[in-house]
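Please read through the structure below; I'll follow up with questions.
Chains: A, B and C, in written order; residue numbering restarts at 1 for each.
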Amino acid sequence: MSIPYLIAQWQLPQQGRLLYATLVVLGAFVLILGLVPLLQTLPPRGRRVLIVTITFLAGLFFAAEFFLPVDWTAIFPKDDPTRNFLTPAIQPAQNVLQIIGALALGLGTFGLVRLHMRNVVQKRAQWGYSVVLLVAFVTMAIFSILNTLSEKGVVTKTPLLERGFSILFDYTLVQLDAAMFSLIAFYIFSAAYRAFRIRSVEASILMFTAVVVLIGVVPLGAYISYTLLGLPQGPPPENADWWTQFLHSAGLPSIANWILTALNAPAQRAIEFGVGIGGLAMAIRLWLSLERGVT
Amino acid sequence: MDWLIQFLPLNIERISVWIGVLCTAAIYSLLYRENPIYRFFEHMYIGLAAGYSLGPLFVDIIYRYWIEPIWGQGYWAWAFVVPYGMYLYFIFSERYGWISRIVIGTLIGASAGLFFQEFSSRYLPQLNSTLQKPLWVTSANPDVTGWDVFGNFLFIAILLSVLTYFTFSYEQRGGVKRVATLGRWFLMIGLGAIFGNTVMARMALLIGRIYYILSDWLMLPLGRGGG
Amino acid sequence: MQSPTIWQRMLSIDRRLLYLLLFVNIIVFLIAPIRMPASISPPVQKFYDEIEKLKPGDLVMISSNWSASTLAENQPQLEAVLIHLMRKKARFTFISIEAQSRDISYRLAERLTKTHGYEYGKDWAHFGFVPNLIVAIKGMVNDLPATIKEDVRGTPISQLEVVKGVKSLKDYKMIIDVTPSGTVPIWISYSPKGIPILYCPTSVMAAEAYTYLDSGQITGMITGAKGAQEYEQLLKIEGLGARFANAISFSHVLIIVFILLGNFAMFMNRAQARREA
């Protein structure tokens, strides 16, 4: 059993838990935030050493958990042979990373609200829109938190809450989101007409593939091939001659599928290999803090 | 007449649908030109999206992984996690900004450490699958036809030529350059497939929106097409 | 000042006219009562066959990561797949990596399961939203109840009937990823070996996934709304995919015609300019 796992198991007594828990949390805030003035006294070199060490240790845990052999029963006879001694610590680590992840996502929201608050307070140009944003933000935040809590049964689900959240979420946010992203269809159409020019071998290949895929994968391609041209559909019968076999694979859907699986797949795999090797190099650089300007 | 009564926003359900169409129309007004109505709805959208995310963030994460374990079950060690995570918020301060990098370092270190597993189970099986492609017809494996073998040769040729194109460590000259050019052409097939699929996805999104207008708002009986 | 030629005018056409054309084209083909059955593509067929192998009561993890921005692509997929799972009497649980997708998938499943007699908690459940999918998967492989702790309704996982006795993600029979973002590599990388992964990407992501299909890292794939139409055809139902199908086909025709027109106009314009010079 690993130490982080054991620490995560320390429990407060049942009696007076609410009070103790509140006190511990307050204490934790005071302690951790109280470290800030202390940390501030570190010289720039010391700050960097601290960040590099923490980055390395965070990476080391997951790397070691993955690389260490699973079965440790030779050294720890009571150990579970299907996992190594670091694996149980995945649990607390996952909880910690989820919480930090949520706080990181909250950072974006915080930055946004801060910016628009400033717009309003300083009455910058078009600050009215910032008011709209803030009003929408506050209203939705209240309804969203209450609705999610009501699902858990922490607060009661009133008809007003249910209807209000439905209008704000299903009929406003969802609609605006869908509409916003569907705008791209108009731009892609206009751009394809005005900018997609066949000037080189590369552009011709790209254009040809795109057209075959565009028609081949949709029902129209099947209609043209099998209904209008009367090509046979499905796999050819066994021991068919080469002409029958050819006819069975000459439909647009078959050609599109062949392009996607036989020609597109290896090209994508080559990209994957490039990404994989690049990603591995980048991961090592980040882990060892060799990548300047990130940590 | 019945249709009209059902169509008008006379009850809460219909009002909701009308609001949805109003939102869509306001966003589409941008297509004509930039205008205050669009700006209004754009800001409302950003505000709603940001406000909405607080619900799941707070309840699914902070409540589930922090408040419940501490106050509910008494696992007090968790108390330190949120204050530690709050270090992130020093990013807005010029003087204390560096402190946020401690937490950012934790996140980056963790994802770097996790990448080794990804490398081994995402990329290596692809290498394995490539190396295991049969390149000749034998009686030992009667399922492999001549056409399969041709496909496998083609697969490996494309893979190698595209990888050659991606090799920038030395100057590409002569035969290598020709292979790289071929690789670029094959890459264009991949990109053409992506482009075709992208067009399809974007069209589908617009179609979904127009479907909502026709079906939910105008209540037209659609759905006679398709298979 | 020379008046512009027809080719020049074609090249400098008002983009709003193009927008209107696309809009009208889609309206017409959404309404038009044309029936064109799709040809089932092999990845969709494999997807279907894999779900057909499920036995009643088998547990499936659905990773639903789409929000309203890709609703038209992912909703038809998820609806068709859920209907198939419910026909096979399989049990399923949801998890989402994005906040909005949590509520969208929960509300959609709540609506759909009711019509099929599925009961929340007994036949299906939603595990809510996690911002870090990688560690969530690693956690679930190690100890599922301790990772998820409770579902969206606040029931502790240990008391949830649908995952009764489930210790780890290894106890699942299948993983289905309905997504507009790069989550399938995460499932491929961190989920237990031997559990088939089925993939429902938006069409944008589909071309890249053919390398995983080739290596067997994913077993089947439904490409966007048009893949959903093929799936509905296999299930013999008419859902959103079938309703969108004609409009998708003919919007493609429109865009191809206009790419060709644009190139033709450019070519003619150049030829004319050369002649005049």
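By our rule, a contact is a pair of C-beta atoms (placed from the backbone, for glycine too) under 8 Å apart; a residue touches a chain by one contact, two chains touch by 3 or more.
This is a predicted model, so every value here is computed, not measured.
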Interface with more contacting C-beta pairs, comparing A-C to A-B: A-B
Reference chain C; chain at largest CA-centroid distance: A
Chain closest to the middle, measuring from C-alpha centroids that were averaged per chain: B
Whole-Å separation of chain centres (CA-atom averages), chain B against chain C: 11
Centre-of-Cα separation between chain C and chain A, whole angstrom: 16
Separation of chain A from chain B, taking each centre as the mean of its C-alpha atoms, in whole Å: 7
Contacts with 2+ other chains: residues of chain C: 19, 22, 36-38, 69-72, 99-100, 103, 130-131, 135, 138, 150, 152, 207-208, 211, 214-215, 223, 226, 229, 245-246, 248, 251-252, 255
Residues of chain B touching at least two other chains: 31, 49, 52-53, 55-57, 59-61, 65, 69, 110-111, 114, 117-118, 122, 126, 130, 155, 190, 193, 196-200, 202-203, 205-206, 208-209, 226-227
In chain A, residues with contacts to at least two other chains: 93, 95, 97-98, 101-102, 104-105, 148, 151-152, 169-170, 173-175, 177-178, 180-182, 185-186, 188, 192, 207, 211, 214, 217-219, 260, 264-266, 268-269, 271-272
Residue numbers on chain A that touch chain C, as the complex places them: 83, 87-88, 90-91, 93-95, 97-98, 101-102, 104-105, 148, 151-154, 169-170, 173-175, 177-178, 180-182, 185-186, 188-190, 192-194, 196-198, 207, 211, 214-215, 217-223, 225-226, 233, 251, 253, 257, 260-261, 264-266, 268-269, 271-272
Chain A-touching residues of chain B, taken from the complex the two chains share: 12, 16-17, 19-21, 23-24, 27-28, 30-31, 39-63, 65-66, 69-71, 73-92, 95-96, 98-99, 101-120, 122-123, 126-127, 130, 151, 154-156, 158-159, 162-163, 166, 183-193, 195-200, 202-203, 205-206, 208-209, 212, 226-227
Residues of chain C defined as touching chain A within the complex: 11, 13, 15, 18-19, 22, 36-39, 41-42, 67-72, 99-100, 103-104, 107, 130-132, 135-136, 138-139, 142-143, 146-147, 150, 152-154, 207-211, 213-215, 223, 226, 229, 245-246, 248-256, 258-259, 261-263, 266
Residues on chain B engaged by chain C in the complex (per definition of touch): 31-32, 49, 52-53, 55-57, 59-61, 64-65, 68-69, 110-111, 114, 117-118, 121-122, 125-126, 128-130, 155, 190, 193-194, 196-211, 214, 220, 222-227
For the chain C and chain B complex, residues of the former touching the latter: 16, 19, 22-23, 26-27, 29-38, 69-73, 75, 99-100, 102-103, 128-131, 134-135, 138, 149-150, 152, 185-186, 188-190, 193, 202-204, 206-208, 211-212, 214-217, 223-226, 229, 232-233, 238, 240-248, 251-252, 255
